[in-house]
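Listed below are the structures to be examined.
Look at the two complexes coming up: chain A is in both, with chain B in one and chain C in the other.
Let's look at the complex of A and B:
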């Protein structure tokens, strides 16, 4: 089944060597060293990301083609939106083949040499130290988590809701800056409720992925988040509104889990 | 001349850059009358600041061409259309195509696989054949025309090219590529 999908991707991407790095419910993600249109030198180590949304056989073909095209465009549009918010780091869009469900983008992050060469997602970056409390709670980690929070705050100030804030969808770059990826569920909204839910998703993700240190990590993230709103009065009023909704959403979540 | 093969597609590209062009009017007249000898994309360099910008549009044009989805008459006019961010073909051809009084010119030729194309570029253009080089393009790009063509936010008209730093150029490139790739979406 998945071999078939990879072959299908290859048929749309002739002469492009593809390496699968992730296979989710919606998309297959490949890396390649071949740029779609710039001449690439043979010894270049730069890699690019190709995100491919294959057809879904259980859907009506016409409907499926329309949906795939729309979702691919929506994600590319979000990358464009983020280009225009320079304070937020995000992968640049390189090419778009919406009819075939393909987005080319920059690859961000690096390989963690002290962690099986895994990609420097916030998840892996933190997990390196999971068994060492001293290292897990250093100033370095505090600063990085505050940067992550700050960037999410900036996204919210600009009414960008990520929609799937997990520690896998946040990349730490080699310069120890935070970078967002995976905008498959992202959208624009000014509603405090949507921002509160976005934060709640992050809170839960940290709790389930980094349970040992979740309380401290979330505290640092939220400190950064507040900083991301800046200091002017208008923003601070908005921040307060979001934090209020966030508390309410958390409370609803807790009640739900108590009722079991 | 710069020769480029875009890996996904059969076709390849030849790209020229000329300065001190003397016969823009003549080229334009022949082009508009549809002469076979002028089957090229003649691009106005005033709105081009990077090879990546050009190639990004070529990629899009070839993608649409090879899927039978082009909106203009030929692959060459499609490349010019694809340089723009608007769905208005006439508008894009005017802004990105050869200018009657232009003294610089970018010329692209798409060559089909195993096609034997014979032409002598010097018979078409009278001018100085130069290497296509980003530094040269940046030095001469016209921010006012760029702004009209791409409608950047914030506007580019108030920026001075001399004050542009490397990070400004790369942000501008990223915005331009976004617009080219997402045109009509």
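Let's look at the complex of A and C:
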């Protein structure tokens, strides 16, 4: 399928060289060295990300157009909002073509030289050490995971719910800082319920992707999360509410007997 | 590879099971034969009999537990007799009796369990309780030959997206409130269209004549979905249409003539609901990394759903598997099939104290001993 879809993407992005880096259920992600409106020098190494939501043939064209437009706009809006919150690292928004489902953003992360040059998502970053227990549980990893947890906490303090927290949607930058990506399912909400579910999704994701060390990793993430709320009294009350709801979500009926 | 024949009795060349299903308004009895050895294209399960009787209510009414249970009690003996005759077997050739343990409606389940227990004592045979969803999945796999698919299980009581991993069918996404079949059935009740042969089928026929798409809420949450809001919304539209509420500009033109028909409403409802199903299926496929999709459950018969799914799957260069109404809609044969697999692994029936039914019984509670 991809050839056809890439051609379609190319027709919306004429004269822009595209390179596919990932293909999910909803969108195709490309990299390019061309900036949409700034002049690009030939030897520039800066890369940009283009996220393209192709039309889905199976659904009614009217429904498809509405969904693509809504989701693209929502994601761009959130990215824009996040750039105004300095504690949360996320790719900056560069350009938006809502009708065609295209978002341009900054590229974050780097290629892991010791792991087949794969992108430095938390998943790959942790998987490098999966077979080596000593390396998998070092202080370096602890600090990084606490930073990740802290950033998720900061997002929640600002009422941003990521909606799809998995280790592939978190990038570790070269400076070993955490950065959140893929806000396709994100929304804003102040409800402890939504935050609890967000944490639960992360918990499940770590458990299924890094089963060997999941318990320790989750502990570090949660330690960082609590730190992300800061020390003032109001935030601590909110934190307590979220953690209580998180426990409830874990024990809840429909999902209770999910064994992985 | 799991060895399926550890408990093959001496002198026997095959296994035979009878299955009783009655978790909702269908009462089904089926008899299946397995031959020793793993399943393959040459070693298929043999369907000896597969009959069903459906409790149909008048237009505008749903089936109530008490009346459905009465229907099952009235028909179960006749159906069992007929299926034994159809299969041409002697009772002594049957190895075990399988029944639906759950999930489902309490009263109908109970009436079938009592029938199964009685048979077990009359014929002195072991009893096996089967999870209804596992029955659907295993029968779907056996009929279509799908090896390790993402399973979309859509019926009147369930909407789940399931994939196999480490001896369990794990639920990746599901409805957060009502099931898709329930949503369609209840809209059929609002429209007061007949429940014969099934409300969903009649909606499908009406939808084929519709062409105008009316925007409805679209509620996918990750791999989960929610449908109660969509139902409430379209119910309101139908109410306004029937009662000539001309102020509703979504369905009436400025001059008071209706913009949409009942057929358009059915069409829009199907398009929206099925788009949601296909979307979560696609997400699950990407997540699990498989190329196969299997649709099971009553709503799986819907041709529009099958076509939409096919479009998505072919775009991903995958394979789609679906069955026809004999196996999609609740039936006894799937219970017999899944129960017989369980019996082949353990060689004995359930303890008598375990041969009860339960309304809540999740798909991932069952240990799938027969797969590795």
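Quick note on the criterion: the second predicted complex is superposed on the first by the 254 of 260 C-alpha atoms of A that agree within 3 Å, B and C clash if a C-alpha of one lies under 4 Å from a C-alpha of the other, contacts with A are read in each partner's own complex, and residues count from 1 in each chain.
Quick note on the criterion: a contact is a pair of C-beta atoms (placed from the backbone, for glycine too) under 8 Å apart; a residue touches a chain by one contact, two chains touch by 3 or more.
Here the structure is a predicted model, which means the values were calculated and not measured.
Asks: Applying the touch criterion given at the start, work out whether A:201 contacts chain B, chain C, both or neither, answering first, second, both or neither.
Replies: In the superposed model, A:201 contacts chain C only, not chain B.
Asks: With the two structures laid over each other on chain A, which partner does A:98 touch: chain B (first), chain C (second), both, or neither?
Replies: A:98 sits against chain B, while chain C stays out of touch.
Asks: Output check: A:163 vs chain B and chain C. Expected answer is one of first, second, both, neither. What do you get?
Replies: In the superposition, A:163 touches chain C alone.
Asks: According to the stated criteria, A:59 is in contact with first (chain B), second (chain C), both, or neither; which is it?
Replies: second
Asks: So, A:86: does it touch chain B (first), chain C (second), both, or neither?
Replies: A:86: touches chain B, not chain C.
Asks: Looking at the complex, which residues from chain A come into contact with chain C?
Replies: 1, 24-26, 56-60, 62-63, 66-67, 163-164, 185, 201, 254, 257-260
Asks: Using the touch definition from the top, list the residues of chain C that touch chain A in their complex.
Replies: 165-166, 168, 170-171, 174, 176, 213, 215, 218, 221-222, 271-272, 275, 278-279, 282-283, 285-287, 308-309, 311-312, 315-317, 362, 364-365
Asks: Quick check on the complex: what are the chain B residues that touch chain A?
Replies: Against chain A, chain B makes touches at 4, 6-9, 51-52, 55-56, 58-60, 63, 67, 69, 153, 171, 174-175, 177-179, 181-182, 185.
Asks: Along chain A, where are the residues that touch chain B in the complex?
Replies: By the definition above, chain A touches chain B via 13-16, 34, 36-39, 73, 76-77, 79-80, 83-84, 86, 92-99.
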